[in-house]
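Two complexes, one shared chain (subunit A), two partners (subunit B, subunit C).
Coming up: the complex of A and B.
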């Protein structure tokens, strides 16, 4: 028995040693390198649209390099025939993705060029009626799955962002398409429930500010009435979706409170003793909450247990007048917290690693704030004035590559939602 | 009859037959009376005006005093608030300094391991072990963190880091979802009332009791938090909980 175990260990070590030259997930490629992928075009109007969307989704994912093959390679890579792997390899492609629309479904066949074999076939139902929002959502879901097969991590193309413009809350696809208003009156600081089925936001009333919840499928809106008076702002959901953590302020400072969405009394989370404590973000394990606190005179980042204990500063407290850190957002993998920090009088987006407490600043052009993580824990949406007006931008926290999401003056306070669930 | 009629007519007229001098004297008397009455009215008016003026002065003075008192009260309140804020800031900065000192101690032990650890040359000292284990806990490796805290307690039971390690063993259990074990450790921490985490441990013990459905014991534990650690954040949280707990 012991010999068998030892032999098994030796075999595993040998296999591991053989795999050393590269990382093997879906494709074989060197660590730190974006593998090249050729995407074949499918015919027809919808085919063109589908391939353009998938190409752009893979490009925005920042994990693969989409090689522009054009029509020249199509005969060699037509669906159903054996692809010209040697030619694809010469072009630097590690993968090939063939798309086909048939019988109301969009299919993709993913090839490993190095291994000269198909590694997966994927398919999604595409609603009839052309490139509507639902049709595009189906294509985005396929893109996310293709990215998962190619790199081991699903893309975030099928997610949407909520944001504020002209006092109302809007939704927009991850590629900036189909913006739509989802609130009637004033609505600030939108926050997604983890399943993507509801939003919470702050609304202004004559009696003060309140937290409202909107179920997106039914359109039903309800108010959180646990603390009807005073200031009720910056809501965020607990991971189970049963409660909202928010900042509640009366005359003597602002503290974080937690209240069930089904009613009942609110419970205090922070003890600010007259200071302002706002912008909560709950950790992925649901046990802790990071927030902005002015308890040392300047807004800074703190973390506490969700029961209010173990409050601790996340960063070294800034003592100079310029010091200002605010608006934390905990990444989905729990490893980092994004926030806005003031540098030379200008706000910039930064990321704090919870492993070693190291801070990386991701932006430098214009005023950049209100970061919100994508579900992949890699991309961030944020508000920037780099074009002269307030717009939403997306940054890849690993490469620093940025892209403009909205071209809609005044967009701000974005919250990146979860991937949309697949339709049957 | 005619004589009687004469008497009836003349007699009443006899009273009206005053001389011109009498009339003038009467007029003079009336004028004097009027003048005196007017003078008395003027004097009274002056007196009333004087009183009113005095009252206004007193009122103004009172108003001034009230304003000054209000301002003083406001200033005092503002000063008190500012002082309270400064105290909180000092507390926070002190906390930050303590964390820094803890990190520095860990670094010091890292650079000169033999100084801190007299039992095993090259092995991490108590502060370094505490820091490493806390880092593990923050990363979500609760099992590894718990092993580190337990090792610290076994090897450096008398060190300053030991009470903290004791508490964080409980936190590691809690992170693993093992509430019963976590609560056992919180109760162990309470046997060292001077532990810097005693108030937190007692509060968390109260929450465990409430979650179990033992509201009476939970209330009693919350009341103990308020009584034993009145200045702590946990006392404020406990007071809030006591208000809403049925």
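Coming up: the complex of A and C.
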């Protein structure tokens, strides 16, 4: 075991020396560079579980490279609690994260290896009773904070996704753990309130479709009754959480409407003159709405002010018979809109940069659609058929790295929720 | 050999119309025992190939001719009230089948095709003759396109069908529309034939469908 480990160190040092001779390693985050991090832990079986989760969270974050983790590393890299910075630097580590689980808390001490000092210490309360959902959520929150200390940007491990499978809305942790059904019946298109405390979705019955809202804490479900008849689909929340923007259609096309969640009349946003306008997504500043519209023939992406004025096409209008762009989602930093675009008869996930209107296609394998941004404005969850059945996948929009989130057969229409607030 | 330049569309339309005319003729002739297939006519009219439609139409008219002769003979013998009642129920069932026959659409379109229009024409007299009849039109799409946008497309298809009837004097309160997008496919394949079957409007009786009267 030890011999293997020594061999590994030698290999790592050699690789590092060859790749970057003379480069000083520091904890400065730059795009495309993933600083190496070593993870150590103290604290028995739960400590092992915590270490596995933190390591995976940092890995899924795509901002650092976890060079090594686990108990076997501890004696070599630290003497007592004092890290062997020189050895860590030779391993290629820019950071060291020491995890310790004791007295119902998980602590982490984050070191800058180059500067040979502690940057920050963090701790979260870990609920008793082992790796329950609440316990894992606490570890995920610590991971997100560790990532913030290491890179300047918090991770998204503590967030959850809503999605649809077999007609019901489900929630799942960002690492695919603890799927949980939160709706009955025939639900579609779940959308998070910005605070993560409520979801809206479409419920499809034999008589028509309605928008339903569920408060997650109380479990209370209410219907949006401003437009009781016809088609009521694709809800999204305004940033203050007071209103829903959605697509409503009777017999002359489908337009975007906005209605207060507390009742009152709905106001029409778009005037599509008989065309179909669906799938709104509100800009982070709350002033604009992007949506899918078939007003010029094929479905395409448009943007308008939330009062319906200043409508503009977001992309060149697709004149090709096969052209089809749909399902926009505005990133949390406001800089990009993810959507699905048809290429050679198959949907692929693409990102439109709002600065220069450049489009980058992120997928190519199978049918990939309905992207939804993570709170970091970097990762996207989407539906893919690349395994032969419909599953949720996550892609890092910077590196293109993908991972499979669900193994559910039929999961689709995912919405990535906000980071969960810490429980006291 | 027939060398008529008749288009496939026209021949389909004719096939549908002939079958339909025979259906109503048969219904009026009060024949109790025979089992005509008039309600199938709209479906046949929508068959994807010309040859299939023509063959089916030919078979239909031959069979219907034979049935009509048999019906005439029967009519001479049949005079019991029981037989008349049996006839009434059968006719209503046939009308119901015609009313509920599915109609189809082209890809990404909600406009009515000629064969769809012909099938709706067949339903119109039934709606006209039964003023208590309320119907829900369900719009559906194939699996291409986005799940969400397809719901709007299905709504537009159902609305097109409704407009066909309201333009011809049917009270709009008698027609509900609903869309299921791609959520309730009729065929699960991802081939062209399955897709063609899924781009459709279905009909559901909400009220007044118990004893449908034939057109006068």
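As a convention for this text, the second predicted complex is superposed on the first by the 382 of 424 C-alpha atoms of A that agree within 3 Å, B and C clash if a C-alpha of one lies under 4 Å from a C-alpha of the other, contacts with A are read in each partner's own complex, and residues count from 1 in each chain.
Heads up, the rule we're going with is that contacts are C-beta pairs under 8 Å (C-beta built on N, C-alpha and C of every residue); 3 or more make two chains touch, one makes a residue touch a chain.
Quick caveat, the model's predicted, so the values are computed rather than measured.
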Looking at the superposed three-chain arrangement on subunit A, would you call subunit B and subunit C a clash or a fit? fit
Report for A:182: first if it touches subunit B alone, second if subunit C alone, otherwise both or neither. neither
Quick check for you: in the superposed arrangement, does A:125 touch first (subunit B), second (subunit C), both or neither? neither
Check the residue A:52 against both partner chains and state whether it touches subunit B (first), subunit C (second), both, or neither. neither
Should A:311 be classified as contacting the first partner (subunit B), the second (subunit C), both, or neither? first
Check whether A:91 is in contact with subunit B, with subunit C, with both or with neither, and answer first, second, both or neither. neither
First (subunit B), second (subunit C), both or neither touched by A:296: first
If you tally the residues of subunit A touched by each partner, is the higher count for subunit B or for subunit C? C
Touch check for A:221: first (subunit B), second (subunit C), both, or neither? neither
Note down the smallest distance between any C-alpha of subunit B and any C-alpha of subunit C in the overlay, whole angstrom. 5
Within their complex, subunit A touches subunit B through residues 265, 267-268, 271, 273-275, 285, 287, 295-297, 307-313, 316-317, 334, 354-355
For subunit A, which residues count as touching subunit C in their complex? 186, 188-189, 202, 204, 206-209, 230-231, 233-234, 247, 249-254, 276-279, 292, 294, 298-299, 324, 326-327, 340, 347, 369-370, 412-413
Could you please specify the touching residues of subunit B with respect to subunit A in the complex? 81, 84-85, 88-89, 92-93, 95-96, 99, 135, 138-140, 171, 174-175, 200, 203-204, 207, 233-234, 236-237, 240-241, 244
Under the definition above, what is the set of subunit C residues touching subunit A in their complex? 108, 136, 145-149, 151-153, 155-156, 159, 162-163, 176-180, 183, 204
